[in-house]
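To keep things simple, chains are lettered A, B, C and D as they appear, and every chain counts its residues starting from 1.
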């Protein structure tokens, strides 16, 4: 049955952009603005519907419906159930409703921004661009409210495709196609594990549904309770294994170490694409997936620990690399990786709310920063090297202030949104870490990363906007239109205020109940059975400790992180907020080279591809040509040679014929004679 | 009589085209080929069969006429369709029609003979899938080789003669091995079997307890095992699986585009189809006994084939080797012996038929204008022929198993079916290994795309290239549409496939 | 007292072997023909002797037939020899070897 | 149809008609010795052979040879059992007359501007008469006479191109080997006669059956072996095959077709008859102590293998076909190798079918060679390159014949080969069956080489447009059409062959 009220229109949220995709692809080049209008209208529609859904969910309704059966059949699953159905369905609960709004909002703003960024710049192939955006928005939204793992995987792949197409938008260059290929391949490598995980989960529990009585989460719980053995492992181990397999996909998409290498290259795409896909939404898909099936991860402390550790490590790892980048987009790219590390950490320690909170904030302020960077790039006539900028503060005030807001949020300076969520993540990590040394290490790394974050963020700000113009393009900037400014303003405001939805620390200190997001995710407005913060929190098997009282611990942690952030910012200030800033890289000494080479991550991956895989393939090819095909041919050669020898019997001399004839006859005679015993 | 009509139209059309003047042959053949396509689609809509043709299912459009009596055995004209063969028949007719259109541009000599052969091969292909008497089947099976041999040999590339003879003799030797083995099997079945009707033989094998009497002093068990292996080898060459694949790249590279389309699209499916019909339907015990080696072969085909594709620089060779890889999936699905595995394999046959057909067409279109297939000779084609490039990209992603395209469905169902296979030991390991193919396939296809379609425009061969003609592009769009349609609504054919596959598994004891 | 049949057989076998020997050793076509005649006559001896031994006339009659046939064969043979000589200027059977292998 | 009202000898009508035609040709020749009226001569010859064919077919339809219980008219014996007219005889008479007709039609063009038209045709007809007689001969006497009657004209025919060295050389070798073989054959007859005291086949069987020949086991065995030699020569089987390649290559192509199809078939019919009628396996084995099928098993395997392997690497098309015809002799030999105490009708019937199909497809192939020689394009594969562009129809026919020879379904060759294969398995001849498959696989290679030459290769030298001789084309097309047309008709053919075999075996 189709849903009632708002839910009845839910499918349209994804379908609008799909229509936009088709329209842009087919009629794009005949339309004014080359299909931008279609995209804007579609995303606007999606946004409105999403908001309506948000309200409806707030009203206590949720929606979980199977719309279309894709495949079904008999199968005897490992857990003992019989038969399976692969379906398309919608799951609209607080989490997905929230995410829908985020995605459609950013998508809408990016579409608008594109008017100024792409159209105004007279790009060719715009229909392709808008078609790509439309297809992406469709896939992403569909992924967000997918109600089962397989559907999620399918749209997970589709967003990968769109990412490929849009990174490679400027396909006439050499670098863009290569970057696109890299992005798809690396994520594909992760998706290999993801798909394996999907297959494993499906054939273990006979269901891939996220929610409801017959979800694989429930099935896994019961399996663990009954102490079943699954594929030769005890249930919990098997859950861990499958959870980690799925995690492979997450690490690919959310660019976690060691599968992060594609994201910096992905900056080859238009900045708008970077903002939408490679900062706010698609990269978030991985983290969102973890949140979506958090109940399953909650069952496996090992998996959670891995997530937390990977997250913490990535956060630090990426932040350090961000320090030495000169390309404004590169800095943002590494900061993105690092920020997603925080989210992973948050989720990994069971901080479901914290993770989602940071996801939301990051979506806003990172989109803001990228769009701001895009504005800067327009201003700078498509110059991305920060050392050629400087002094833009006065020339582009709106860009500057919005960018600054984003930067403060990113650096985690109170009271900007980033602070609240990052702090909550760190807090959750800390309290768990006090009991779990591994987590503590992760926490430590994340904490150190805060310093670097503050540093590179403000290094970026100072180099870009402060000081004296360092190039003539910076002297007379290219003006930017409303279509660029408007989105910046909207996002700027959000970057400032988004934190208000969950002021956990204040709540603790003042004892007032203002952690709206927590309640929201806890289903106090209505939720799907089992998908609530509490439900998760009960399953998560982590002990939580405290230094003194909770509040003390909280304040301690908050102060610590804030202090580090400010310290980083100040360092940047002293080094770079001067009229004639210099790189100061030599101070890094030996580390510098490593950092600039991104810890040789790309190198070894390229090495694996070109120095290992290709030679192996070539060897296989040679083996195939010589040995296998050689054998085949040699058979024919041999028989032909035999023939050419055999026919020599026919000497042409009739006397020989007579002789051979008689010989043959005698041979036959001897044979029969001996058999018949005639000579006795 | 519908099947007979289908075959007859194609045969007569072949004759007419053969004598028609070269000028009109192409259009004429296209017009004629529309009739079988329409008929096949009508069959599809009017399909009323159920169950498996060999295991007492309800046959659709069947007819059975006694033909030759030799010794104790009767040979009859016995044809009919079930859920496995019907989709393949439909696919065949569509692919042939599209192949004819796609050859309007490249074929410029002896047209009437060329199109005549295309229609002739269509008739035989339909026959292969529709025949239910071993002899009728074998006749079509072998008769397919002759036109393909000539298509490659006459209109092929520089090394066409070598490739043609290799293809002809290699596959024919394989058929002989299979043929000999099967006859021995039927003789071994003894007086219970008095005809070569496949259902009767299958029944004797599955329900009648198989071979009872020793033949030439070979005890029944061994005999059955030998026959199973011999037949597997015979079909393995056709599929082809590693290490019997070496004829394929040569044949593909030398063959003209339309021939490649049919070769990859349909001829390879003959092998897997026969495996399903014979080995996996008639020999449940042996399937179980040889599951692990067969699965190993499948995995090797997937990975090794993909690696070979990775090493190629000729677009056609890349697609050819990737066919080896994809066929490996099909074998894996079959040996899984689960409903999803086997049905998925059947689905993958159709899906791969469409996708590889699309790929070869796209490569052909590029070749028509650039006169080269070497990855190293070109780049940035998207700049000059955006539509063709777009289709090539789409096809490539279909090949990589992009969701909502038929390839993904086939592969996913195969993987899912294989992972939980009861029959196959270590099925999880095999599945995991085989699945890694989806990474390699992405590797070499994306690499090829990056080199040819993208990047700054450049072409070694100095031909002034423009957009491809409509009749070159149209067929590819038809295929693309079908691929997406099957990817979104696979149940269109998956239902009937499942229905036809389940009986096999029930008799096999697996599920 | 009549001669035992096996002596006739021995004789014919000897004759047959001589003929065979001739065929294998002689290169002149005429001698080749003669050797064949010897072998045929060896058979005739057998036939007649056995006819006598079995006491029926079939063999003797058949012997007459064979003589006639032998004559016909020689006639053809000589004809071929003539064209052979015309083409190869020789009656040596080992000369014509244009076709081999 | 009033068979029994006619005197018994009219049962031999096919042979008689052929003989009469030959004489008629002599008459024409003697009336106008220098006639070059090819139409008349070829027409007469063709008409005669077609008449013979018609009569043979009519007899079959009339039920001659089918047991009276099945509503047939039973076997007719002539000259108190020196000849019998049964289904076996009629079957082979049909094969022989068909080939003769095709050959005479083809010769109409081929023997154009040849000096000795009348002689040529009368010789062909005489040879055909001999072969037809062989089909019916039922006593070693008549067999030997018929054999010679077919051989002697053949020698002359091979050598008929008097100024062509190849033709003469072929003739010479054919003759010399033939003479030797017939001597051996005759000696074999004398030994069999010595051992049994009879020459008429049934009586020989009786003597062997009632054990009167038990003391002469060796003698009889040697005799049988020598008889085998005679058949091996006639059917061009190893080791008596040496004449074949040269004779076929040297002879005028229609004659090659004639010899390789009809003469071979005739050789097989006497072999079938003698070994089924005179030497029943079981009884004979009890006398000579060994199963004579052993000899045929060896011969079959060796012959097919040697023929195919030697054919694989030939450069001269005609010689390739010659060797392939040796190989096919090997296939047909399975028919004798498979005979056993309990039946063997299937395998023998299969061999008969193979000979029938072979009569069409092989004749067709050789006639294409005749066509090529008529065009004068040359003899090697290269010379044949690209003929399909100029003569598609003829090359299409050739393709059919060759694929059929290779045993590709759905053509006739496939069916007979399959029947041979399955019946051989039935008879337990695993080795032979395997050899059959292996050789078929190999043969495919060299047949497809010829296909490749005419259809795929481009002509080396530019040759002017080729004429379309009506006679050759007609014969070729008929042969090809029959090769295909046998497909639907195979049911009745198979029945007849198997029945004929059953009749002689019991």
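Operating definition for what follows: a contact is a pair of C-beta atoms (placed from the backbone, for glycine too) under 8 Å apart; a residue touches a chain by one contact, two chains touch by 3 or more.
Fair warning: this is a prediction, and the values are worked out from it, not measured in the lab.
Participant: Report which interface contains more C-beta contacts, comparing A-D against C-D.
Facilitator: C-D
Participant: Using the average of all C-alpha atoms in each chain as its centre, how far is it in Å between chain B and chain C?
Facilitator: 65
Participant: Approximately how many whole Å separate the CA-defined centres of chain A and chain D?
Facilitator: Centre-to-centre distance between chain A and chain D: 79 Å.
Participant: How many angstrom lie between the centres of chain C and chain D, each centre taken as the mean Cα position?
Facilitator: 26
Participant: Measuring centre to centre with CA averages, how many angstrom lie between chain B and chain D?
Facilitator: 43
Participant: What parts of chain A, by residue number, touch at least two of the other chains?
Facilitator: Residue numbers touching two or more other chains: 636, 647, 650, 652, 654, 658.
Participant: Send over the residues of chain B in touch with two or more other chains.
Facilitator: As it turns out, chain B has residues touching two or more other chains at 169.
Participant: Among the residues of chain C, which ones contact at least 2 other chains?
Facilitator: 23, 93, 96-99, in rising order.
Participant: Can you name every pair of chains that touch?
Facilitator: A-B, A-C, A-D, B-D, C-D
Participant: Taking the complex as given, what residues does chain A use to touch chain C?
Facilitator: 647-648, 650-655, 658-659, 662
Participant: Which of the residues in chain C come into contact with chain D in the complex?
Facilitator: Interface residues on the chain C side: 5, 9, 12, 16, 19, 23, 29, 32-33, 36, 39-40, 42-44, 46-47, 49-51, 53-54, 56, 58-59, 61-62, 65-66, 69, 72-73, 76-77, 79-81, 83-84, 86-88, 93, 96-99.
Participant: Quick one: in the complex, what on chain D touches chain C?
Facilitator: 140-141, 144-145, 148, 152, 155-156, 159, 162-163, 165-166, 168-173, 175-176, 179-180, 182-184, 186-187, 189-191, 193-194, 197-199, 245-246, 249-250, 319
Participant: Can you check the complex and tell me which residues of chain B touch chain A?
Facilitator: Answer in residue numbers: 166, 169-170, 243, 246-247, 304, 307-308, 310-312, 338-340, 343, 380, 382-383, 397, 400, 402-404, 408-409, 412-413, 415-417, 419-420, 422, 428, 431-432, 435-436, 438-439, 442-443, 446-447, 449-450, 453-457, 490-491, 494, 498, 502, 511.
Participant: Touching chain D in the complex: which residues of chain A?
Facilitator: The touching residues are 636, 639-640, 642-644, 646-647, 649-650, 652, 654, 657-658, 660-661, 663-665, 667-669, 671-673, 675-679.
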